[in-house]
Amino acid sequence: MTDETVDFALTRALESILFAADAPLSLTEITRHVGERGDLLPTLRALATSYEPRGINLVERGGKWQFQTAPDLGHFLRTSREMVKKLSRAGVETLAVIAYHEPVTRPEIEEIRGVAVSGGTIDVLMEAGWVRPAGRRETPGRPLQYATTPEFLAHFNLTSRRDLPGMADLKAAGLLDREPPRELPLPLGGREE
Amino acid sequence: MTDETVDFALTRALESILFAADAPLSLTEITRHVGERGDLLPTLRALATSYEPRGINLVERGGKWQFQTAPDLGHFLRTSREMVKKLSRAGVETLAVIAYHEPVTRPEIEEIRGVAVSGGTIDVLMEAGWVRPAGRRETPGRPLQYATTPEFLAHFNLTSRRDLPGMADLKAAGLLDREPPRELPLPLGGREE
Amino acid sequence: MIEADEQFDLPVRAAPETATLILQLGSWEGPLDLLLTLARAQKVDLAQISILALVDQYLGFIRDAKALSLELAADYLVMAAWLAYLKSLLLLPKDPEAEPDPAELALKLQFQLQRLEAMRESGQKLLARPQLGWDMFRRPNPEGLAEEKRATFECSYYDLLSAYGAITARRSRSVHVVRRRPVMALDEAIERLEHLLGRSIDWTELVRFLPADLADESYARSVLASSFVAALELTRQGKATLSQGTAFAPILLRARHD
């Protein structure tokens, strides 16, 4: 056997040992697995070099060796599955009230909408990135206020909240005449959905 | 970017994903992480080939891809604590009958083995993750069928059931036909163990 | 073929295994397993096995077991009976009409033995393969792949504005459209009663001053209540006199003239 083939066998052994290890291994620990084979460092370093361009790297940290994924590929290891969801009617209305009246507290939203607003509705709007908590109102109970975000403006292609049409515009557009579809105004305290 | 560098980037991504995955991945699962990149199979196969001489191998087992250590290096990696599950003779035989005949019902297993198969035998195989119920046979009584799992293929280092030892010969000899030429009137029904 | 005189040069062979096939009933997994063991002892390809010889061996085995008064499981005996039947069929002169055909039955037994043997060998070959956790290893603690589910919400500008329009429309209706309440206001009742009473000096029941045929019951009650209070008010102002004979008797009313 030539030196080269010996090294190759050792390289394979090192690869498998480091791959199957449940923690980074020191030279001593590696030696315990492969047996006494002289200085392992040159072989380890050559192995590390051969993995450098790959998606898996062999690295040394504080004298311990381990395989890990290449640092620039982290984004492949997370996937974000995008799901498009239609905002519920309660969600749209709550968003509209916040947009027109911000900063506005939940009791105020409920008063304007005429129905109780579930916490989930505001959560969804915050998840969508359109609504944010905007400090507390300095009144008894210090209720939390809500306001819209820059993402909200971006999503609806608005420069500022002043771009929202006023009452007269809404009326002119016929948006105040229409019967609200299906959902009837419930007395305050009614549950939505 | 040339085609070659695109492939190289994809190859690195595949390496990192398969390295970090906590279970063998199907093509669908891999696609979810790398995004739609056309047919991944040629790149996966090329990657597998490049790892063939190494101590780490990329293998396909039952349509799922995974890294594992090369099968000839087990002696470097075994610790005395590890033990191969000892299967009873009945267990080994039943596993072989299921693997070579799947999907197969319990009465069929009993006919081939010439003894009643105790519930415990199939249980042990299912617990090991090698055997799963595979729907009911649409015959009178709708008996449950059994088949092997991708984990079974992975455990015995088989790419697919076609690689089962002697599979082609047994098939050619007609020994895997579900129904023998005509129904055997042999009186069988002994108890195992 | 080995010539007879050449055999002297051959090493002494081990005794054939058939001789070692002693009775050990418990170690066979049923009659088929025993049959396979007996067939293997014939040391020929299972495809060329002599079924007749096999049947004889099995029956001999069962006979010996009985002689030793070993407990025989029922299925061993059932198999013995069936094989005895098969043997009789095989020994009888060939009858082309015979149903079932004994040669076919023998073939099927052969097939079943071959198949069991094949599965037994395959199981051993499977176990001889490299196994995960012994020969091959996976990473013990992979980081795993994270999957975040990110929801994007759909809501058009039109949805937003029409929702606000709907809220506004709802509110304005509730402010301006006042539902007619079914009551007769006190002022109205006083004015009405004073007008009807006029200068009448005859005692008249209060109910006679109420409007006839009031369909709405709650309005009728409101009218009665308001008119009664109106009567009290007119009396206080000195414009009327009230009279009631006894409790719950009709309330009488007349104009007062000083």
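Think of it as A, B and C in the order they're written, each chain with its own count starting at 1.
Definition applied: a contact is a pair of C-beta atoms (placed from the backbone, for glycine too) under 8 Å apart; a residue touches a chain by one contact, two chains touch by 3 or more.
The structure displayed is predicted, hence computed values, not measured ones.
J.: Please identify the chain lying most centrally, where each chain is represented by the average of its Cα atoms.
T.: That would be chain C.
J.: Look at the interfaces B-C and A-C and say which one is made up of more C-beta pairs in contact.
T.: B-C
J.: Taking the mean of the C-alpha atoms as each chain's centre, how many Å separate chain A from chain C?
T.: About 35 Å, centre to centre.
J.: Hey, how far is the Cα centre of chain B from the one of chain C, in Å?
T.: 29
J.: Could you pull out the residues of chain C that touch at least 2 other chains?
T.: 137-139, 143, 145, 147
J.: Send over the residues of chain B in touch with two or more other chains.
T.: Each of 17, 19-20, 32-33, 67, 69-70, 77 in chain B touches at least two other chains.
J.: Using the touch definition up top, name the residues of chain A that touch chain C in the complex.
T.: 16, 19-22, 69, 77-87, 89, 91-93, 95-97, 99-100, 112-114, 124, 127-128, 130, 155-157, 164-165, 167, 170, 173, 175-181, 185
J.: What part of chain C is in contact with chain B in the complex they form?
T.: By the definition above, chain C touches chain B via 29-33, 73, 75-76, 78-79, 81-82, 100, 104-105, 107-109, 111-112, 114-116, 118-127, 129-139, 142-145, 147.
J.: Show me the residue ranges of chain C that touch chain A in the complex, using the header's touch definition.
T.: Residue positions touching the partner: 137-141, 143, 145-155, 157, 159-172, 174.
J.: Mind listing the chain B positions that touch chain A in their complex?
T.: 8, 11-17, 19-20, 32-34, 53-56, 67, 69-70, 73, 76-77
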